[in-house]
Amino acid sequence: MNIFETIGSIVTASVFASTLRLATPYLFAAIGETFAQRSGLLNLGVDGIMLMGAFTGFYAVYATGSLLLGVLTALVVGGLMGLAIAFISVTLRAKQGISGIGLYLFGLGLSELLFQRLIGTPKSIERFPDIYIPVLSDIEFLGIGQIFFRQNLLVYIAFASVPIAAYVLRRTSYGLKIRAVGQNPAAADAMDVNVARIRYSTQIFGGMMAGLAGASLSVALLGVFQQNLTGGLGFIAVALVYFGRWRPVGVMIGALLFSFVNALQLQVGALGFDVPPEFSTMAPYVITIIALAFAGRQTEKPTALTVPFQRGE
Amino acid sequence: MSISPATWARTALNRLLDASPLVIALLLAFMVASTLLLALNVSPLEGFASMFEGAFGNENSTAETFVKATPMLFVAIGICIAFRGGMTNVGGEGQMIMGAVAGTAVALAAGEPLGWLGIPLAIIAGFIAGALYGGLAGWLKAWFNVNEILSTIMLNAIAVQFMNFMLNGPMLDPTEAGVNQIPKTARILETIQLPRLSLPLPPGVADLFSLQNAELFARTRLHWGLVIAVLLAVVAYFLLWRTTVGYRIRAVGENERASRYAGISVRGHMVLSMMLAGGFAGLAGIIQVLGLQYRLQTDGSATGFTGNAGFNGIVVALFGGLNPLGAIPASAFFGGLLVGAQKMQRDLGVPAALITSINGLIVIFAVSSEYFRVWLTRRRRLAEAEAQQKAASASTAGVPS
Amino acid sequence: MLHMNKKGMGLGLAALGLLGVLPAVSAQDDVFRVAAVAPSAAADLAFSQSMFDALTLLDEELGDAFEFTFQEGTFIVDDAAVAMRDWASSGEYDLVIGHGSQYGAVVEELAAEFPEVSFAWGTDNNTFGLPNVFAYTAAAEEGGFINGALAALLSEAGNIGVVGPIEVGDAKLYVDGFVSGALSVNPDATVGVNYIQSFSDVPLATEAAEAFVANGADVLTGSAQMVVGPIAVATDNEVLWFGTQSSQAELSAESGVTFQVYRWDVVLRDIIASLEEGVLGGESYVLTLENGGLEIEISEFSGLDETTLAEVEATVATLTEGIIAGDILLLPDMVEATPEAGS
């Protein structure tokens, strides 16, 4: 077997399909966090919101059997937690990184508590089915059909949200206001932009997306819930926002890269290559750090990120 | 000018008022906890009584509270330095692990010939390894502008895997090889273990409190790590507020630009504060091994062996007002909370996850209470300024020009 | 009935504890009291549940003469140490169990310190030479072998995926036995093993299972509590699932075939008998097919047709017999004890 055949046997279409699935929760969470950070708010509690979204979404489906209701529940719970963290960061002007850690611990504990009390043992639910897009899903060339067009609904939505988010941020007046508030809140305020209202809105949106990210795990990808289901996934999502330089497309590239390395290490494991598993498990993290270092000067970082705004200061 | 009792009383009252938002934050968190307990059909009174008993109810539980507090205190000291230096270090977990791995390796290598000298050697190795690992994040921040929160989170995940690798291979207990392969090192020699700590009591005291032994905390797991941690907290306090290095670290944390103009090496001090933070976390790791577990062993969880002390240390530091001295009582408090939560789970079947979420709330309420503290201070300043103005105008009016 | 909740006692105990006069209640009454600590949830469908089920079973059987306390979700070894010390020093318990090989060092220390209390721990075979420690383990390779043989028998593609946690203890034994069993039936079978380095990372375990299925596996197995992910993959892709530690029949529905169930009650009965004779420890137990500590449960929800099920039943019976008789070499490469378990 020559080197190309070896690579070919490892990097199969299924690895790419797996990459897209793995990237989905990161995408939802990171796109939402991008909006919040663009407006100047850092929420480190994404993982806590994801856990609550994952549990409540799962429970709604478990109790009612309705996938739609599961997604809606996760959105509402995520939105409420976003509202809470917005109140803390915007109105009370609390230190953002740390309040996020608090929110994370809160979500981590409460989701486990609720799970133990309401369900207790691993249960499965009917998860989102894969939707085969007619014609496209049959494309054999390079496995394109398998990779892109045989995924579940939330995977499609996650990737569709990237151009929409990019458009909203770049081309709409709402997006302009978000960026203005994140770059120079005082100037924005002088131009009659309601800084607090914009920041509340982006953080609530960020919360809803984090909730959806959680639900995409428990309801769409896994079909199960367990304590600490996300295992710190939300923190990676925050890292991806920096990695993507606060642009949705950049965030997507980061999510895909991270997920690809993860899918690859699973594939290497599946094929039984002789790599110490500890090293392949740590690979995605090492690569993310290196990528962050090369992400450069981060000139696009919102200058008012983590800086609370107070009129007349 | 001598301080009048009235001024003294006012200062004391102000100090109390300054602390009051924190107390209120705590009360609020406990109110939420009570609500959750009620929802779980447990009387809050019973729940908190069980927690208190688990935390301070007897000699052994009090000792366990301090045992739990020790690594959190080490980490918290480092967090205080890092945060004061403007670095949000969330990497306590990974730094603890690196300290433990390096320290344990040294302790195992030191072996018999060096005797008790192995203890300081292992501790120094733990500090250095943690410092290098923390410094790595500082370096990435200072030179490559990599957000330290994110790099430390990644480094945590990497450290766990690194430890697993070391425990499965190079450091695996030879007696485990080929048997169960349970990833743990050999036990360190008794001469290199930190001794247990107990306090001799004056005669009669033990009888008075019906203690089982003449020495307080005999037959418990309390070890000298606690003493080391408390001493180092004092050292760190002096470092931060009584030395030039400490002043510069704080200056960089408070105002990067101004520090640069003042000729302070901003990058250098970023790395330094992260190295110190990592070093203290590394101490937490190696002391856990030398004082408690006597070998490095994974618990198979995502955190490796730390028991979340690296994370909880942040909570402790915050609650201690980012002051190493404040972290001492704060660590005892949170140690008690965590140990008590386990007791509540045993006695009343309340999942300990409840306390995880309450800890989160305490953090949120504590950082939010800063708003009220600032508000209180501002109001007081205004009042004082007004009073001064009045006094000034009164005196000018009184003195004929 | 369970005794996880002892409401009403807390306050009284607290008051007594405050005064420091909590007397060491000796366990000399007729009730046998057990306290156990386990790393994951009591209903994890895996390792922790196997012990919880055993204690529940004894509780139902022995009624008022048996009580137990179970502290679940204690993956932090230090927290387990606090719990076990609390139980040991209370003097209320006849037996304190540390259900997890990571608790060994704690048991070793406590047992030496509380020679009047009996301890049990596993999975391991080390009693530390102490007269008050029981050790227990499971010959997980036995059920692993049977599961593996069945897997190879039922796999049409000859391609099987194994999702493991960390390569240690009974998980390693199960996986090694499984691979060996599969290869004994079909030496050409592809048996992929992926240790994901975590007992709890469900998303990673799920993707690992997906990777196997994508590479053509039509049978999956796995060990530890994160297998709920791979089980969902199995049911979704309608491939077969083999389980271990506890029964996962209900969760795996039509995909489930056989489960190796740990019957710790077999060990516990022996320990209780020993204790009643005044022997506090020193014994090491192994769950085997022979002593009934390992049971192969055939899923009642299985989607296999009747002929196949009959075949499964017959194979289980034959192999069980063979293993008990010692006719089957379970782990051919055991001598080398290679740390790598790739295909």
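Letters are used for the chains, namely A, B and C, taken in the order the chains are written, and counting of residues starts over at 1 for each.
Heads up, the rule we're going with is that a residue touches a chain if its C-beta (ideal position, glycine included) is under 8 Å from a C-beta of that chain, and two chains touch if they have at least 3 such contacts.
Note that the structure is a prediction, hence the values are computed from the model and not measured.
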item	value
Graph separation of subunit A and subunit B (steps between touching chains)	1
Chain of greatest Cα-centre distance to subunit B	C
Distance between chain centroids, defined by C-alpha means - subunit A, subunit B (Å)	31
Inter-chain centre distance, subunit B versus subunit C - centres from mean C-alpha coordinates, in Å	36
Residues of subunit A engaged with two or more neighbouring chains	116, 227-228, 231, 278, 281
Of all residues in subunit C, the ones touching two or more other chains	73, 167, 197-198, 200-201
Residues of subunit B touching at least two other chains	161, 164, 168-169, 302, 351, 353
Complex interface listing, subunit C residues touching subunit B	4-11, 13-15, 17-22, 39, 69, 71, 73-79, 81-83, 85-86, 89, 101-102, 104-105, 113, 123-124, 165-169, 172, 197-201, 337, 339
Residues of subunit B defined as touching subunit C within the complex	42, 45-47, 49-50, 52-54, 57-61, 64, 67-68, 161, 164, 168-169, 177-184, 187, 209-211, 219, 221, 292-295, 297-302, 305, 307-308, 338-339, 342-343, 345-349, 351-353
For the subunit A and subunit B complex, residues of the former touching the latter	44, 48, 88, 92-95, 97-99, 101-110, 112-113, 116-117, 227-228, 231-232, 235-236, 238-239, 242, 276, 278-279, 281-282, 285-286, 288-289, 292-298
In the complex, subunit A residues that touch subunit C	12, 14-15, 17-18, 21-22, 116, 120-124, 127, 217, 221-224, 226-231, 233, 262-263, 266-267, 269-274, 277-278, 281
Subunit C - residues contacting subunit A, complex	41, 43-45, 49, 73, 161, 167, 192-198, 200-204, 206-208, 210-212, 214-215, 225-226, 228-229, 231-232, 235-236, 251, 253, 340, 342-343
